[in-house]
C-alpha cells in the first residue's frame, strides 16, 4: 500500500468535514468565514518552511529563495487574514458586549 | 298526534317568538303537529307564510294556540292569558319564578310549566340553555347600542388630523353576557377591562384578551353562579370600582345573581365622574339594575353620560335571538320526546329543577 | 513513546482539528470569535511543529520571511477599511495562489531529491490551481477596488478560448509529469496564469463575492495539492476543508442570490441583474440588497428595533406574520416598537386597523410625534411596505412635492431595512433617497413572504 | 394680535364645533386670541369652561364671534348669519360651493371664504383635509348604526343553540368613508364585499381583507375622484349590483362625485329583494342619495328593510369628529400663519383651489 | 496501476464514503430510503473487497456463516412487528458486541502472528467495549421486550461497585497489554460483561431508547477498535462514524426529553418521569407523548388535517400562531380545516371569536354536524387545548355525566395529536379516553409555545 | 512514522464526519437511523472475514471458529439491520407514494 492512498483517505474525509462544517452558516457570517478560510489556507506556509529546511547547507539555491518568497506571501496571508477576521467579528458582538 | 301551539307574545317590546320556521320544520320531522298564532313571528322576521310553508297550521286566536298539548312561549302567560291555559297541557317558557306573582294561578290551572331559566348550567344541558343563548345576544347587543351612542370612536386611530384614543370599556359581570360583550368590544378595537366576583372568571376574561380588574372580594355561589354580597362588601366593592368607572368611557353592566336583586355596582357618584358622552348599558335593570339611575327600557342622561337600561336586549335582535331561543326549546322538547309523546322521566337532572308546577301542584321553591 | 515522525504527525493532526473547530465556530455569531482564536492556535501548532521537525532550517531566511510577513500582514489588516474587506480578501487569495506556485516551482527546481512520478502529478495540480487562483484573484481585487471596471468584459468565443487554454495547460502538465521537464512546468504555470485572467474578466462586479469565495476554495485545493507532494497531513486536511467549505459557501451564496454557480462562472449575468434591479423604472443608483436571513440576523442582534408599517404591509396582509415575528424578537430580548405615520396606508388609521387585527397591543404602537426622537437611538428600523412616509425628501428637499410633510425619521437609525417588492414608487410617485443610503439594506419581496421566511429561520 | 372667532353652529343637528379646547390651546400657543361663542361646543362635549381654561374668551353673541379677523365654522353661514359677516375678515368652513345659493352674498360681504372641501387630495394637504377626517367618521358611524339596528349578529357564531351566520355587508363606494366602513364591518366579523368604479380601489379594498365586487365599468375622474356615469352605464351598473345587494344583509352606500348628484346605485327593486330586517345606510343622501327611497335625516322602512339616510353622520359622533375637524382647520391656519398674520401667498397649491371668494370677488367656478 | 493493497484500501475507502452518504441520507425523510440503499451497497463493497483480498479464505466456513446469517437476519427482520423494533435493534447491538469480542478473542488465541504491543491495546479496547455492549444490549433487549421488568433496579453503592469493576477491567487489560497473557484477556472480557449488566440494570424503561442509541455508539467504537488492530480503514471509518453519530443521537434524544445524558446513565430517573406525567392527578394509565417536532413531522406529511380548538387555545391566546402555522401547512399542500364544537370554550361562539381574531377565513371553519363525518378520512387531528368536546365517553359510556352530548369525533381519525399542558381534566372534570388511545400522541405544553415551536421548525 | 498514527488521523476525521452527518436529523427518523447505524456496525464482519482468511491451511484452529461465529453474528446484524430499516422507512413514504 503506497502512502498516497492514505493521503487520499484523509483528503476525502477532510472534504466531508469541510462540507458539513460550513452548512447552516448564518449569511451574515459569509464574509468573515471567507476571511478565516483564507487565513487558514495560509497553512501552505508549512510547505514553504519544509522546502527551505530541506536544502543542504551552504549557499542557498534558487529553490530556497522561491520558497522563502512563498513563506513571505503565506505569512502576510496568515497574519493579515486572522486579524481582519478578528476585526470583522468585532462588529458582531452580541448586545451587551459592546 | 301531539300538537304544539305557539301563541303570539303580548308583552310590549317582546319581539321574539318561541318557534321559527326552522324549528317548526324540525318538529314536523318528529311527527308533531304545530299551530302558530297568526302574526306570532312577524316582529322577528318570520311571516305566517314562512311557517305555513314548512307545515304549520296558522290559527287566528291565542285560544287556539293555547289549546294544544304543548305550548311554547318566550314569556310565561300574563294575567290576561291565564284564561287560555288548559289543564294537562305543558308549557315551556321563561317564567321568572322568583318574581312572578302568577305562579299559584299557573299551578291552579293544572298545566305543567317548565321554566327555561331553571335547568342546571351543566355541559349536557347547554343545547337547551336559553339563558346562555339570550345572554349572549344581550352582551353583543349592549356593545352595539353603546357604540352607536358613544360620540367617539371605539378603536385607536392615528390620522393626519390627530390621534383618537381607543375607548375604554369596562364590563361588570363576566358571565355569558359579559364575556360576549368583552369579545364584541375588543373586536371593535376598544381597550377592555372586566370584573367579576367569581374566581374562574379571571382566566376566562383573559382568554378573550381583556384585562381583569382584580378586587379582593369573591362571592362564589353554587352551580357556577355568584352569590349576594353583604352591604359592607358591596360598599367596598363600589369604592374599589369607582376610579375604574371614572376612567372608562363605556360601561356594560351584566352582573346578576339568579333570583336575587342585582348588585348595585355603579353609584351615581361614579356616573358623574365619567367624562362627557360616556355610555352605560345596564342589562340587569330588570332585577334592580347595576347602575344607579338606570331606568328599565329607557335611555336617560345624567351629567353628560347616557344610561341605557335594557332588560330585554335580545328582543332588539329578535331575528337571531328567536332562532336561538326556538332551537333551545326544540332541543329540550326533542330530548324528552319518545314516539311522539313527552316523557318527563328522561333527563331527570334537567327536568327536575325546571318543573315549576305540575298536576295542580306548585313545585318551585320546595327545596 | 511514539517515534518523532509520529509525534509530528499527531501534532499536525491536532492543528488540523483546531482548524476544523475554527471553521465550525464561524458558523454562528456566538462562537465566531472563539473560532478565529482556535484557527490562530492551530496555525501556531502547525508552524511550530514544522520548525521543530525541520532538519536544516535556514533560520535567518525563515526569520526574515516570517517577520516581514507579520509586519506587512498586520499593517494592512489594521489599516484597511471595513468597506474594503472584500478586496483585501481577494488580494490575500492571490498571495496563497502565489505561494502555491512558488513552492511547486521550488520543488521542481531544487537541486536535490528530484520529485517522484506521483509527486509530479501533485505538483502539477498544485501549481496549476495556484496559478489560476493567483491571477484570477488579482483581477478580482482590481475589479472590487475599482482599479478595473466592474463591468463584465465579454467577447465572442471566450469560452472556447478558455477551453483551449485549459487543454494546453493540461497537455504541458502531462508532458512535465512524463518527462520531468522543468520548462514544460514553467509554461504550464504561465498559461494557467493567463487562464485565470481570462476566466475572471467576463464576470460582473455584482458576482464578485461568489467568485472570491470560489477562489478561496481554489486556494484550499492548491494547498491540499502541495500537501500531497510533501506528504503532509495538515496541508491535506486544511486544504481539503478550505476547498470544500469554500465550494459549498459559493453555492450557498449563489442560492441566496437565486443564481446558479454555472451562470456566475460563465459570466455576463452580472449585467443582466443590474438591469433587473432598476427595471421597475426608478433611478439607476445602486442599492444594497440582502436576503430575509440577513435581515433576520440584524434584527436578532439589535437591542432596539422600530417597525414602520405602510400600505404594502396591508396589501400583502402580513399583519399576523409581523405580530408573530415581533413577538419572537421580543421573546429574544429585543425591544420592538411600531411607528405609525398618520397618512400611512390609504385611509385614516389604516395601520391601526391592521395592527389591531393582529392584536398588537396598543402600548407598542406609537404615533409619529411620540416616536420620532427615538429613531436616532434605534439599532435597526424595518420599513415594511412603506415609502412616502419615510421619504427624507420631505425634510431635505424643498423641490419635492411632499416637502414640509413630517415623516418618520427612519433614516436616522443606525441601520435601515426596507422590505418591498421592487424599487417602484409609492402613492406620491416619488423616488426615495432612503433606499440608497449606505446603511440601508433593501429586502425585495412580498412583505408577508419575507416575514414568514424570517419566522421560519428564527432559531 | 389676530383674533379668531368661533360662532355656534345654527343648522339643526349640527353638533360639531370648529375649534376645541385642544386647538384653542394650540392657537394661543401661536399667539393668536380666540373668542368662542357661549355654548358653541356643548353638543360636542366642550363646555365653555373648558375653552376658558385654555385661554379663550367666551362671548355671548354670534355677532361678537363673527367680528373677529378669522372666523372658523363647520358650515358656511346661513342666510340669517350673513349680516354678521365683516368685510376683510377670513372665514374657514365647509361651503358646499356647488349647491350653496349664498355664494354671491358671501362675496358681496367682502369676506374671504376658504371652502374646506376644495383643497386637492394630495399627500401634503392631508393634515388639513376635513373631507378625509369626516368621511372617516361617517364610514365608521354608518356601520355602528347599522349594527345597532340590524336584528341579527354581525359575526359568525357556532353555539349550542345552533350556528348564526355572519352578516353579509356590501359597501358601495370605496373612498375614505367606504374603506373605513369596510374595516369597521370586518372587525365586527361580517363578511364584507365592496364596489367602486375607480381601479385603484380594488387593491385598497383587498388590503383591508374584503372582497372586491368586479363590474367592468370604470369611471376614473381627476384628482383621485370618480366621474359621473351616463345613464346607460348606470343602468348596467344597477343591474349588475342587484343580485349582490339582494344577497346582502347590510348595505353601506358612500358613492359620491364632488359637486355632482350622487349615483343612484340601489334601486327600490333591489331593496325589496333583501331579506327581512336588512339595513341600508345611505351617506350620500345629502347629494341625492345612492339608495332609492332614502330620506335625508330619516330612517324609513321599506319591505322589511330599514333605510337610514344620514348626510351628517359625523355630527352623531360629534366629540371625535370635532376634534379631528378642529385639528384640520388648525393645521390649515397654522400653515398660513407667519408672525401672527395669515399669509395667503403660502401653499398656493392648496390656497388657490380653496378660495371661494376674496375682496368682493367670487372666484369659485372660474376655471 | 496502484498496487493491490492500495486498490483494496481505495475500495474500502469507497465503501466508507457510501456509509457516510447513507447516514447523511437518513437525516431527512425524503432521502432516507436512498440512504439505506447506499448503506447496503457500501456493505457489499466492503465484504466483496475483503473476500477478494483474503489470501486463504476458508470458503466453506465463510459461506455457511454468511448464509446462516442471511437467513436468520432476514427471517427475524421480516417477522418482527413494528412495535418490537426497539427491542430488535437492542438485540442486534448485542450481536455486534459479541462479534467484536469474538474477533478480539480469535486474534488473541490465533496460533500465528501474535499481536504486537500496539495491537494489544486496540484489542483490549475493542474487546472490553464489545463485551459491555453485548451484555448491556442483552439486558436492554430483555427490558424492552418485558422479559425483565422495566423498573430501574437500583441499590446503594452501585456507582462505586461499577467504578471498582471498571478499574479491574482496566487492570486486567493493562496486564494483558504488558504480558500478552490470554487469561487476563479472558478475565477482562468476563468482567466487562458483568459491568455491562450492572450499568444497565438501574436504568428505567422510559430511558431505554437513549440507552439503545448509546449502545449503538459503543458498538461503533468497538468496531473501530477492531479496525485499529486489523489496520483496516473501513472498520475505522465506519466504526468512528457510527460511534460518533450514536453518541450525538443519544444527546439529541436526551435533549428532546429535557434530560441530561448523565442523569440517564446514572439511572433511577426513569421512574421519576413516570410520576411527573401523572402528577396532575389523572389516571395512572400510560400515554404516548411526543415533542412539537414529532407533531410537526406528522402534520407535514399528512394529506388531510383537522384542527380542534378548545378553551386552552383561548387561554394561551394561540390563535395567531395557529393561523400562521395552518397557513404554512396549507402552503405545503396539506388540507387544513377547523372543527368547532358548539360548546367549546367558555361562551357561545368563543372559538369563532378566537379564529376570527386571527382572520381564519370562515370557509375553513366547520361546525360539528358538518364535519363529524370527515374525521374517519382524516390523517391527523390536532386537538389544541380542547378536552370535554372530544371526550369519547360522551358517546360510549352511559355512566359518563356527559353521555349523550354530541362530540367532535376526533378519535376516528388515523392519528390524533393532543396539545395541552398536563393530563388535567377540562370543565366537566372528566378523564378523557382519547388521550390513552394507541394512535394518540400527547404533546405537553402551552398551546402557543407548542405551535410556535412547530412554526420555527417548519422548513 | 508508524501506521497507527495514520489510523488515528482517519479515526479523528471520521468522528467529525459522524458528528456532523447526524446533526439536524428529524426526530421522527431517530429510530430508523439507529437501526441503520446498527446495520453499519455490522461492518465488523470484515474483521471476522480477515481473521478467518488469515489461518494457514489444514485444520481450523479455535480462533477460526470464533471468527466464524463472529461472522455469523455480524451477518445476522447486517441482513436484519438493513431490512428492518427498509421496513421502517416504508412508513415514511411521502403522500402520493402510498
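The chains carry the letters A, B, C, D, E and F, assigned in the order they are written, with residues numbered from 1 in each.
Methods note: a contact is a pair of C-beta atoms (placed from the backbone, for glycine too) under 8 Å apart; a residue touches a chain by one contact, two chains touch by 3 or more.
Model, not experiment: these values are computed from the prediction.
The chains that touch both subunit B and subunit C are D, E.
When the C-beta contacts at D-E and at E-F are tallied, the pair with the greater total is E-F. A centroid comparison over C-alpha atoms places A as the chain most distant from subunit B.
Taking each chain's centre as the mean of its CA atoms, D is the chain most distant from subunit E.
Interface subunit C/subunit E: over half of the residue numbers present appear on both copies, so the contact uses mostly the same residues. Separating the CA-averaged centres of subunit A and subunit E is a span of 40 Å. In terms of their C-alpha centroids, the spacing between subunit D and subunit F amounts to 81 Å.
Here the CA centre of subunit C is 56 Å from the CA centre of subunit D. Each of residues 20, 233, 237, 317, 342-343, 348-349, 353, 356-357, 359 in subunit C touches at least two other chains. Residue numbers of subunit B whose C-beta contacts span two or more other chains: 126-127, 132-133, 136, 155, 157, 159-162, 164, 187, 189, 209.
Multi-chain contact residues of subunit F, defined as those touching 2 or more other chains: 2, 4, 6, 9-10, 12-14, 16-17, 21, 23-24. Those chain pairs judged to touch are A-C, A-E, A-F, B-C, B-D, B-E, C-D, C-E, C-F, D-E, E-F. Within the complex, the subunit A residues that touch subunit C are 2-4, 7, 10-12, 14-19, 21-57, 60-64, 66-92, 94-95. Of all residues in subunit C, those touching subunit A in their complex are 16, 19-20, 22-24, 26-30, 32-33, 35-36, 39-40, 42-43, 46-47, 50-51, 54-58, 61-62, 64-66, 68-70, 72-74, 76-78, 80, 82, 85-86, 88-89, 92-93, 95-96, 98-100, 102-103, 105-107, 109-113, 118, 209, 212-213, 216, 219-220, 222-224, 226-246, 248-249, 252-253, 256, 290-291, 293-294, 297-298, 301-303, 333. Put simply, subunit E touches subunit B in their complex at residues 311, 314-315, 317, 342-343, 345-350, 353, 356-357, 388, 401-405, 427-428.
Interface residues of subunit C, counted against subunit B in their complex, comprise 340-343, 348-349, 351-353, 356, 359, 362, 365, 367-368. If you check the complex, the residues on subunit F that touch subunit C are 1-2, 4-6, 8-9, 12-13, 16.
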